[in-house]
Each structure stands twice: as C-alpha cells, then as structure tokens.
Amino acid sequence: MNKKRTLTYREAISEALVQGMEADSNVFIMGCGVDDEGGIFGTTQDAFKRFGGARVMDAPLAENAIAGIGVGAAVTGMRPVIVHARNDFLLLAMDQIVNHASKWNFMSGGKLDCPLVIRAIVGRGWGQGAQHSQSLQALFSHIPGIKVMLPATAYDAKGLLLSSLRDNQTVISIEHRLLYETKDSVPVEPYFVPFGKGTLKRKGADLTIVAFSFMVKEAMDAAHRLAEEGIEVEIIDPRCSSPLDMDLILESVQKTCRLLVADTGWSSYGISAEVCTRVYGQLFDRLKAPIRRVALPDVPTPCASNLEKEYYPGVDALVDACHILLDNGREGNTTEKLLPAEHARFQGPF
Amino acid sequence: MIDHQWAEKAYTLLVTIRKTEEAIASEYKNQEMRCPVHLSIGQEAIAVGVSMCLGNEDIVFSNHRCHSHYLAKGGNLNAMIAELYGKSTGCVKGLGGSMHLMDDEVGMLGASSIVGGSIPLAVGAGLTLKMREKPHVAVTFFGDGASEEGVFHESMNFAALKKLPVVFVCENNFTATSSPLSSRRPMDNIFRHGEVFGIPGTSVDGNDVVAVYEATRDAVQRIRKGEGPSLIEGKTFRMLKHVGPEIDTSSGVRTQEEWNRWQEKCPVKKFEELCLNEDLLSARETEKIQKRIEMKIDRAFELAKSDPVAQWI
Amino acid sequence: MNKKRTLTYREAISEALVQGMEADSNVFIMGCGVDDEGGIFGTTQDAFKRFGGARVMDAPLAENAIAGIGVGAAVTGMRPVIVHARNDFLLLAMDQIVNHASKWNFMSGGKLDCPLVIRAIVGRGWGQGAQHSQSLQALFSHIPGIKVMLPATAYDAKGLLLSSLRDNQTVISIEHRLLYETKDSVPVEPYFVPFGKGTLKRKGADLTIVAFSFMVKEAMDAAHRLAEEGIEVEIIDPRCSSPLDMDLILESVQKTCRLLVADTGWSSYGISAEVCTRVYGQLFDRLKAPIRRVALPDVPTPCASNLEKEYYPGVDALVDACHILLDNGREGNTTEKLLPAEHARFQGPF
Amino acid sequence: MIDHQWAEKAYTLLVTIRKTEEAIASEYKNQEMRCPVHLSIGQEAIAVGVSMCLGNEDIVFSNHRCHSHYLAKGGNLNAMIAELYGKSTGCVKGLGGSMHLMDDEVGMLGASSIVGGSIPLAVGAGLTLKMREKPHVAVTFFGDGASEEGVFHESMNFAALKKLPVVFVCENNFTATSSPLSSRRPMDNIFRHGEVFGIPGTSVDGNDVVAVYEATRDAVQRIRKGEGPSLIEGKTFRMLKHVGPEIDTSSGVRTQEEWNRWQEKCPVKKFEELCLNEDLLSARETEKIQKRIEMKIDRAFELAKSDPVAQWI
C-alpha cells in the first residue's frame, strides 16, 4: 500500500470511477460531455478510454429526463452515475431527484432500491455569474431519502465516491471546482469512506470550526493564521450534510465550547443553520458564545471580479469570526481581504 | 392469433379490471379506502391490449391512474385492495396507496402521481434491458396531459437516440382533470410526437382491445428487430370523474350525450360481443369468468378489511 | 368598513385575486384548471367568471415553461399569477424559479423587475402520499431574490396576496390545503399585509411559539390546552419565511426566554433551523432552555391513515414540547394522539 | 428589398459583430475581461438576418452566446465592452458579464446561461404583446443543444396554442460544447420540431444573411396575419472554441478540413461578395464602414478599461 502517493481531487474522482466500474459492471456514466477530451474537468476521460462509449455515454441536454432515466435504470438494477458540470443544472432535474429518486424506495414499500449517483460541481471565480456558481446543497439536504456528500479533499472524493457506488440510496455529490487541483495522498487501492462519518482535520482546544467543501481548505488556512497568534482551532469536516455526523461535532464542541460553521452556500436557510440548531440543542449549557456562521451573503453571484472578491467570505472572514467568538464583542480586523490561491489562480473559462 | 385462449385471457383481464373498479367505486363511500382513487372504467382496453404482448420480464411504469395497468400486467389483486385500505399486506405495504401500485414479481415497477413523471423511468428500464442485452421491453403508460410535459419529449429523444426497447403508450381521454385537450394543445395528434425523433406512432381506437394489441405487437416486433421505440396513442374516455367514484357527465366541456356515446363504445362490452359473435367464447364461459372474478374480488375486499394496518418500514 | 364579515381562506384568496385584477389590468392568472368548475379549490372561479378566459387562462401541463412564460411576461410589464394545485409540482419549475425569476432583476443590473406570483398548495390528509403532500418552503426560502409567504389565516391570505400583486419581486405563496375552509374576519375592501411583518397571534408570558402556516392553527389549539394548566403561550406567526420578521420574534423571546418553532415541512434543514439559529445568535444569554422544533420526521409521507396520523406532529407534540421547554427534562405525556379537525374532516379526494 | 440601405445596415452589423468578437479574442489574453466568453465568430449572419426584421419595440431573449444577438439588435457597444470588463458602466452594471448582456432600450431583454432557459421567456414576452395587442414580435435565440430540453417543446406548444407572436430561432452549429449533434439526437431535423404543434419550420443556410432575413420576414408576416409562431433553423458553425478566444479545429469530432470548409463559407465574406458583385456597396464603402467600426471598437475598449469598477446595486 503506497500511502504516500498524491493525486489531485480531479484525479482521485477519475480513479474512483474507474475502480468502481471495474468492480461492478452495473456502474455506468452518463452526462453531457463525459466522453469528450475535457471529460468533465478530467474526471471521466479515463473511464471513457477504459470502458468506451457503451458505459461512459454522452447525453442530450435534458436534465430531468436524464435523471429519470437514471432512476429507471437504478431501480432495475444498474448503478448509473450522472454528471453535471454545474450543480445549477440540477434545478432542471429537481422533479426526478425529489419526487422520484428520493421516494421510489419508500413508495415501493422498500422493495426497490434506487442506487443512483449524481455528481454536480459548484463553480466559482472568473465571473461565472449568477447561474453558474450556486452551491445548492441545502436544497438536497432537506430531502429525506437521499444522501448528500461534499468531499473536500482528494482522499475523501475517492473514498466517498466509491462508497456511493455501493450504496443503495441515491447520492448527490456536490464537488467544488476550486478543489479540483488540490492534492492529497490517496491510496491506490479502493477504499470506502463511510457516509455520515466526519473527519477531524485539525486538533485544537480553543474553538471548533465545522466546515464543508471548499470552506475546509479556507478553515485550514485560517487556523494556520490563528495559530501564529496562539489560537488553536479544531476543524471538523462532516464530509456529508445528510447524514450528518453529529457525534463528531458534539464531541469537539463539548471540548472547545465555541463553534463556527462555514459553508459555501447562501447563509439564510442554508446547511449551516441545521448544524447550529442541532449543536445548540445538544450543548446549550456548554456553549460559551453564540455560534457564528460564515457563508455567502443572500444575493446572487456578481460577475465583476472586484465584487466576486467581496462576495466570497474567506480566510479573513473566518479569522474575524474566530476572534469574535473568542472575545465576544471584539470587532473584526480591517486588513485587506485576500482571495484564496485557488480562486485567484482560476481562469475558467467555464 | 385471436384464439380461444387469447380471448379468455383478454376477457378475464378486462372483466377483472372493470369489476374491481366497480367494487372500489361502490365500497368507496364507506370511507375505509382513505386515499384518492383515479379509476379507469372505460379505459381498460389499453392496459389489457398492451399487456397481452408482455411477459413477467417485461417492465411497466404507470401514472396516477394505475389500477388497470397493475391488474393487466398480472399484479396481485389481494395486495392491491389491501393497499387501498392502507394495510401492511398492501402491494407497497400501505405506504403508497392507489396512485403507487407496484408488483415487482410481474414487472410492474411502480407508478408516479407526478404527471409525466414515470415516462423517463421506463426509458431508464429500457436502457438496463439494452445494456444487459435482454430480449424484453419496457412500457410507460401516461395520459394526454403528460404529453405536454417536456420530459416526454426529452425521453423520446433519448430512447430513439439509443434505440431502446421502449413502448410509449398514451391513453388519450381528451382530458386532464377537467381541462379539455383543446385548451392545452393546438392539435389532437399525440401519436405524431415521436416522428421528429424517428419514432413511429399509431393512433388506435383505445376501446378496442384487439387494435391496441396489434399496435403493441407491431411495436414489440420493431424492438426485436433492433429498430427502437414506438409510440401508441389509444383514444378513449373515462366514464368516472377524474378522481373518485362518481360518474362524470359534466366536468369541463363534457355532456351527457358524449358520455352516452362512449358508453355505447364500452371496451368490455365491445370485446364480449366480438367473442360471442366470433364464437371465441360462449355465453356460459363469459358468465363463468365473471362469477369467478366476482368471487375473487369479494375475497380480496374481505381479506383487505381484516388485514393488519400498515407499519413503518 | 364591515370588519365583522367572515370569509374562508379559500374565499379570501378568491376575493384578493378579483380585487387585484380589478385594480391592475396587468394582473392575470395562469394554471392547469384555473378556469374549471373547481377553480383550484374555489379560488379562481370568481376571477374567471368576472374576467373571462383571456385573463384567467387554463394552461398545459408544462410547469417549467409556464413558470418561464410567467417570467417573460413579468419582465415585460405584466403581473402573472401562476397557480399549482400542489407545491410538489413546483419541483418541475425550479429552473425557471431559481435560475431565472429570482435572478433576472440582478442579472439585468436592476433594470428589469420580475413581479411574478406563484401560488402553490400543500396537500395533507386522505392518503395523498409522498408526491402530493410535501411542504417545500425551505427550498424557496434559501434562494435570494424571491419572497416566500405562508398565510395561515383568511385575513393574511387576502392581505398578503394583494401585497404580492403590487410587489416587484417574485413571490412564492405556499398555501395549506387544510386551512382552506378555516374562517376569519376579512375586510371587504382591499388591504395590504406587508412582507416581512409577522403578527402576534396570542399574548403569553411563559414561552413563545413561532409557527408557520397550518402549524399556527395547531399552536393556537395547543395554547388553549396549555392555558387550562395555567401555562400562557405567546404565539407569533411570521407570515413570511423570506423576509423573516426577526424583530417581532426577538421581542417575544426576549420576554419569554423560551422558544418553540413549528413548521409544516421536514425538520432537518427546514425553515425552523434558520429561525432557531437566528434567535440563538441574538438571544444567546436570555434563553432559559434549548429551543425546540416541531416539524415533520425526515421521511416521505405515508399513505395509510394510521401512519399519516403518526406522521404529522400536532397539538400533542406541541404540548409535549412546551412541557419539556418549561421543565427541562420532563417527559412527554402519553395521551392518545389526536388529529386536528381539519385533517380528520378532510376527505380529498385530491 | 435588398437595396443599398439594407446592405449598408446589414454589412455594418455583420462587421461590427465580427470585429468586436475578434477584438475580444485578441484582448482576452490580457486577462482583464474576467468572465467566460462564448464568441460568435462564424455565426453572425443569423443574428443579423433576424434583427434586420426587428425594431426597438420587438423583443429578443438570448443565451450564453449572446454577443451577436445583442449587437445585431442595436445594443450599446460601449456598455457591452464595459460589461465584459466588469465595470459599473456595463450594460448590466458589471453584475452579469458576457453571458448576460441586456439593453432594454432596444428590446434586448437579456440572456440566460442555462441552456434553453430563455426560450419560455420570449414566449412570455409574446404573451404580453398579445395581451396588450401590440403589433410587435418576440424572438428567442438558442442553440441546437437547447432543442433537446423539454422546455423548448413545452414553450412551442404554448406559443402555438395561444397563437403568440414568437419566432423561435435555432442556431444549429451541430455542437454543444464538444458534443456533436449526432451523439445527442437521432436526426438532424430541428426545424421540424414545431410541426406537431402546427408551427411551420424552415431550415436555412445560417451563413447567408439574406436567407435568414427572408425566413424571418416570412415568420413576421405570418404573425401579422395572426397565424402565430414560427421556427427557423439556421445551419452554421462556430469557428472558435465553445468558450474562449481560441480557434477550434479539434474539439469533439471536428477536423481541420471541416473547419476550412466553413471558413470558405464565412458569412461576412459571403455577404461582402454579394454586395460587391451586385453593386449594393462599393469597395470604398465597405472599407469606410470597416474603418469606422474599428474606431468605434477601439474607443469602446479604451473607455471600458478606464471606466470605474462595478458596484453593488
């Protein structure tokens, strides 16, 4: 076992798909552009080369039907993986995801499973604008009968995706475009990250950050900066919003008594609210300060890059929020806001 | 092809559906079947004509008006009635009710109460059959209303593109709830909707079980030759209200005269007459079939009423 | 002004539509069945009789296009009202609602408004099952650029609907089927309930219930029962989830120091979580007990009536939750669960 | 009809679009236009041919590839370039970028980057026009990819049902990103998709501005006669990559030969030759037009670069 091998998030997804398809001939991939040279930012090309167009098939632009075809194939024994270059396109498929995929098992009295995997990517940066950079995990997390995974590292991307290919429920994988080139050590052989099990990213006694998706990276950077001030942050990545690993979160907050929740979606009615509500409910007496949320302001994404920079809360917002948490009332500092390297580097075009 | 055996089976199915629906309609007032029922009286021939071409390995998906599809495909009668009564012995354990009948043992894989919702599901099942190189077909039953939904067009495009073993069956009763077809679409030509994808379409008398059967047989033959999907439109009429047990002579643009005209075209009566006229079945035989079915239905209701209530799964 | 006149919720909606159409010739209604005898449970029939098929038009079953047609008509100056017999059908229109209606104003640099009203009804009872009884306000409340109203009384139904017909943003009106026959005193003349202003339904010093939609009725009944025990509950109906009247909620909780949030949707990642999170964030030090939520368990709706009865939390669940809130730790009582009269009476069929 | 004045206007629009796109392509490498650009080089004739039939009161909705539609409809050039630079002077104040151009003063009411997303919007605008008894028309531009979306079919049904003043214009460049048409649909017959709703369709050479103009003129005439919507398919080719400034000779199933063939069919060159051959414009005139446009474009870039950055609205 070569634990030292590193892969990018992109490569890890690609490897998971190839290994999943090798292990189970029922797995196949469908989506607009999965067979082209780009291969959904390099995640489906290897599978296409290996298994050909019969198992890695280009699809028409018909998101609702494709989702429904996925459901139909899944309840008859296949394991379809549907891929969308942006999770915004899932809005066209909500009927099949929410009214059908999430309910067919229940409505069949438990007799039919719907093992469908839907991969969809959150866009960010390079002025993609309001319709190509939403982060819609809250919509799916609210729906019973489906799972929602938000891998933040290459390791988790591979392990969760392999798990999804063995799971009997529909899984929505919300991947983040800015993570695609990030690297992590990734075992060669298949492994399975369980759903509903978070991971402790960093130990620290002063406060806990529960971060999802790209915000895990931002939180790690914030923790680094805070460590220089002597503040030790504990970071938890739940990896899935549904099911949510409350045990791990509670264990940490029990210790630190202070919590910050960071999400890539809009703040109001976002997934951060559920985490906050559950923690308050369980650790009401232990918390030393109100929980803080760092998430998107409740407006659509602007295109202009100066506004994009203001729009996305990052390390600075996290550091400020931590200061406030530790010293109830202390104002945020006023250093110039920095973009994460992934965003600054990102040039699209699409 | 229409021999005694065929006639006996088709007649049995037609009568089973008709009498089951009538029994539901008559029992419904007791308010023990606590779910909306969309009955198929008047429309039985489409379900039966199609299903006469199908075996247990062939797959069916259906819509809110699924009783006929379920029974025609061979779904268990007792489990259906129990489902309507919300019992744990129901075909989906009481969790689904009338709009979500399912019997996986005979290839009836469920029904969606979202109009158009199960059309792509049948296409997905067709994809499974094709990928696994099975000789079977997948059928989706839907109404004229569903043909307005975008997903119908998207699904046909995909099925045609991949030449999938799918038969699209539209039960055109000219009505969606009480909205007439003419206030929802400019032309009454649903069977032509697949042409642009190269999907051949036929419009048949949906109250003629033999016509429906023949159209389906042709569609299945095309599939066997690898020619891909077909679209069949059966023109028909629902005798009862959109939902519930009452006769419908007035919703939307309907008139008593129209209702009477369709009453004349009753698919069960029509086929019975054919059988008697052509000596396919004797009057004694039809009576015997009817009696047997009545007993079965009575028994199903009895069982359902005394079965244990539903439980969480 | 005849303040004493009572109308049902259904009649109040109908009257608002007629008055809104009288006041503004740009208002028109579209939807499957709006012109039929039923008239969407009696809410569009008067408008149809009065204004005819040119302004109250039946529509094909094509939810996404109809929503988009609404957007196109709205940005060119009309005020379309789209009606759906079930909010579950909005899942087919999510693309136009979320990607277009909510963003066209922003994406046009503020130059075009999208004054679209979408009415959609929550079904409940008589075994409607998993696909006809969802309560999807959480999905819409998360989206910036649209408003979400949840009228709980005939008075609010009329006043909010009239406001929506003058508002320049898209408004989603989530109505509850079990409220349709409830009565309230409703002024004859037009009046306007402002968005983002809640209403104090009942004064009480012991605890606050923030309830939405049908849960307002249940909360009132629970308060009644609790009053017999000497417990005085304050009830607030925010009337909209977006914008949300935090001032009113905070004022009440500031006083009672105890809060219960009741919603008709699923609990996890539902709108109750946002209310909880905001209250905790503002009144961290005042709260005397963890906030409780009463909402749907995270499973699809079962059909069988015995399970339906177990599925929907009602007066009993609210009363239990209040007891727990007031006496941290006290177990819920074990009286047999009762269905609200509206549910028990309701016979569908659809 | 194709007189000097017509030719001058059409030529001016064609050259404006071409040269603007070329300027964007060449400036793009400086990374100051920080948004994805879907350029329309090779496809200009469709936007221009259609817009030559439209006035400021006519309404246009567009898609991600909207530069040509915006400019052809008379959208402000400076505001467009400023938009690409994310400036507050941009046509949508820098909030939208290249995919969301809009100029309400000339009836260009926006563009959606959701494939197919703006098709129903134009139908809604058509409904407004009809309800207000206006003599104008609404146009939706979309690609071949969009024709697979259910909303296209739903929208056509509604427009035909209500006989709305809508022209559906499909720019068929045989490609969606790098997916060839043949891997997304069984037949190359988009213009026929309206037939089933009674919507007449024509397929024209999308690189021939006159052919596009004539088809649109016919469609507008049908609308004036109260005959409702039409569908026009223009067959064309994008010379650059799906997104970004580079030449595309290899994505999907493309070849250099195919690219060369279409280069020969350049819509701007084609029309210029026609004008010169038919003495509609002189070489001096075409040169003068080109010069004037170049100056305007240079100025637009200069202004955009020095304009203030975007602000929240």
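Letters A, B, C and D mark the chains in the order given here, with residues in each chain numbered from 1 onward.
Here is the rule we go by: a residue touches a chain if its C-beta (ideal position, glycine included) is under 8 Å from a C-beta of that chain, and two chains touch if they have at least 3 such contacts.
Everything numeric here is computed off the predicted structure, so don't read it as measured data.
Counting steps between touching chains, the shortest path from chain A to chain D takes 1. Averaging C-alpha coordinates per chain and comparing to chain C, the farthest chain turns out to be D. Between chain B and chain C, the centres computed from C-alpha atoms are 36 Å apart.
Per-chain Cα centroids separate chain A from chain C by 31 Å. The centroid of the Cα atoms in chain B and the matching centroid in chain D are 46 Å apart.
Centre to centre, using the average C-alpha position, chain C and chain D are separated by 42 Å. In chain A, 59-60, 62, 64-65, 88, 92, 95, 99, 106-107, 129-131, 299, 302 are the positions where the chain touches two or more neighbouring chains simultaneously.
In chain D, the positions touching at least two other chains are 90, 94-96, 100, 112, 114, 117, 148-151, 154, 157, 161, 183-185. Contact topology of the protein chains: fully connected, every pair of chains touching. For chain B in complex with chain A, the residues that touch the partner chain are 59, 61, 90-96, 100, 102, 104, 109-110, 112, 114, 117-129, 131, 138, 150-151, 154-155, 157-158, 161, 313.
Contact residues on chain A toward chain D in their complex (touch as defined above): 32-33, 35-38, 58-65, 88-89, 92, 126-132, 299, 302-307, 310, 347-350.
Here chain B touches chain D in the complex through residues 148-154, 157, 160-161, 183-187, 189, 192-193, 195-198, going by the rule given at the top. Taken in their complex, chain B has these residues touching chain C: 31, 34-37, 86-87, 90, 94-100, 112-117, 145-146, 148-150, 176-179, 183-185, 242-244, 251-252, 309-312. Taken in their complex, chain C has these residues touching chain A: 64, 88, 91-92, 94-95, 98-99, 102-103, 106-107, 129-131, 134, 138-139, 141-145, 241-242, 265-266, 268-274, 276-277, 280-282, 284, 287, 289-293, 298-300, 302.
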